[in-house]
Amino acid sequence: CAAKLPAACGLTEFVGTAIGHTIGLVIANVDSSLHEQMKIDKKYRSIGILGARTGAGPHIFAADEAVKATNSEIILIELPRDTEGGAGHGSLILFGAEDVSDARRAVEVALSEVERTFGDVYGNSAGHLEFQYTARASTALNKAFGAPLGQSFGITVGGPAAIGVLLADTAAKAATVDAVGYSSPGNGGTSFSNEVIFTFSGDSGAVRQAIVAAREVGKQVLKAMEPDEDLPSSTTPYI
Amino acid sequence: CAAKLPAACGLTEFVGTAIGHTIGLVIANVDSSLHEQMKIDKKYRSIGILGARTGAGPHIFAADEAVKATNSEIILIELPRDTEGGAGHGSLILFGAEDVSDARRAVEVALSEVERTFGDVYGNSAGHLEFQYTARASTALNKAFGAPLGQSFGITVGGPAAIGVLLADTAAKAATVDAVGYSSPGNGGTSFSNEVIFTFSGDSGAVRQAIVAAREVGKQVLKAMEPDEDLPSSTTPYI
Amino acid sequence: CAAKLPAACGLTEFVGTAIGHTIGLVIANVDSSLHEQMKIDKKYRSIGILGARTGAGPHIFAADEAVKATNSEIILIELPRDTEGGAGHGSLILFGAEDVSDARRAVEVALSEVERTFGDVYGNSAGHLEFQYTARASTALNKAFGAPLGQSFGITVGGPAAIGVLLADTAAKAATVDAVGYSSPGNGGTSFSNEVIFTFSGDSGAVRQAIVAAREVGKQVLKAMEPDEDLPSSTTPYI
């Protein structure tokens, strides 16, 4: 496990950290004036907070596992333009729960999943590729991408955006999948990141097949932009 | 004073530079066709220009002192997504005046204040914290944040945004302050920066108390993301 | 020619690379489901893709030459916020054609032009300046900037945005040009980049004169922000 050991942070709100300058926090009882400013449903007294400088897809797929595994719900998913000078997004994800232990547990699960969901993120100095897959989409993926609940769902992401267009076409041609969405730098589905994101659902095998084909093409093209650099997985490929 | 000595720049439009890749300029008589394109009130023949790659809060609070101290007004405050790969904003602030000496003076005051207003900006490679306080908000703070004129006003900023949520909650709980606004990466109050900004007014002591509590918590949490790095003030703390 | 030799990338979709982490790709027959998601006119079976991490102006002016020289049209021009931590944009430009050889040719022409159109891009660690000029604007410049077709057209760009304001004023005063547009970080003409972009048309000599005057001023001011750094052209000045 490449996750950093948390520092000796004595705050009860601190849950932990993970790859991508990811941090997990929890607030047991959100201040009422802030609750109103944040426009959060009153029933969520406790919130879990998952945020990162680098990574949105990995965190949304990790959050999806967290809501499946815990008694919590997704309140908000926002994608800042970040990645510390890279082409993509960071993330801010809020879990709501009536009980603080549920909110904390959701953040813990998400932090532990991020290690896996960075597995098919590949980068060099020219850009990055990202692929994600789940056999059964839950509410985080539905909220962020409009994924049909309970179905297999996958995404291809390429930055610079030009590469993302080719990944989308490759995935769409490689298997019979249902296109769910297509986001580009200026169409509202990104925060002006330099990415194209293609999302699709369908038969589990077809979704994986589409991803594997796009991944193969993407690696060749991104490698061609910086032939002398490696293009490693951020952790360990899982798809 | 950590401000750089200005280079031998002979242009009459050049006023000076400051920390954060900040530059101050003045235009005595804006070209009429440009004046129209910029949609500036015709009465401002002269404009002062304060811009930076890194920093929005420091510049807005500095501009607030400048309009208090000079015969100028705030025309425009815009927040590019910048900080040179960091999580936050840069800034573009325009002062309007009928006379060029007033516009120049406003920029000079703002440039000199920026040194102070960077005092409670703290950063490491994982992100940054920012705190600002004024005993009496003027028109720059009103325009940028909706601060009630003449009242004590403070802000807490944390990036990655997850930390900013915790700062907001800590500030709101630490003292009896009136929440003015809450901005997150996707809600329109930021330019998709990876920050949460919480703004509040109230009794002077309460505003400071809220900030001091948030600052204490923020330092612990941001430090936990990079335990081996220092988390210095950008200049000298003033709150 | 400073363009990198393309790596041995065997994909038929790969066209080449250029300065600015620019890549050119082509898709002979866009997948029909993707075609729909991208909202592209059905008549364009083939698309050419020009994308970059760094540079929007250079790529739009290069694309303008490409549509003049080939049997292709501009489908889309989008400006991600990028430049790998710098103050500006990257780009995603799609060419449409009925025949794949036309789409490929458009990308090839654009890739070869990018070398020239980076000629009046100047940068140091504080920011950048960009100037572009054409004797006869075509459909790429019309789509991106509203340039009048067939007329001389120029742009000045400065980042941080403060410098761009001064460039605009200098250009407008230096010659009799017609202001076409003015974009700043928060007014919708940029993707929250830290730039001001001024665009203008008019008599060919006047457009060049405006640019040359702005370039002279811009270099002095950006140099004043980092006096110890050089401020070189990215390739070779062409204006």
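As written, the chains take the letters A, B and C, and residue 1 is the first residue of each chain.
The criterion applied here is as follows: a contact is a pair of C-beta atoms (placed from the backbone, for glycine too) under 8 Å apart; a residue touches a chain by one contact, two chains touch by 3 or more.
Since the structure is predicted, the reported quantities are computational estimates derived from the model, not experimental observations.
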Interface sides of chain A and chain C: same vs different residues, half threshold: different
Inter-copy rotation, chain B to chain C, in degrees (Cα atoms; steps of 5): 120
Averaged-CA centre spacing for the pair chain C and chain A, given as whole angstrom: 31
Set of chain B residues in contact with two or more other chains: 81, 84-85, 192
Parts of chain B lying in touch with chain C, wherever the complex brings them together: 6-7, 9-11, 13-14, 17, 21, 23-25, 27, 30-31, 33-34, 36-38, 47, 49-53, 76, 78-82, 84-85, 90, 92, 94, 191-192
In the complex, chain C residues that touch chain B: 81, 84-87, 125-127, 159-163, 165-166, 168-169, 172-173, 178-179, 181-182, 184-187, 190, 192-196, 198, 217, 220-221, 223-225, 227
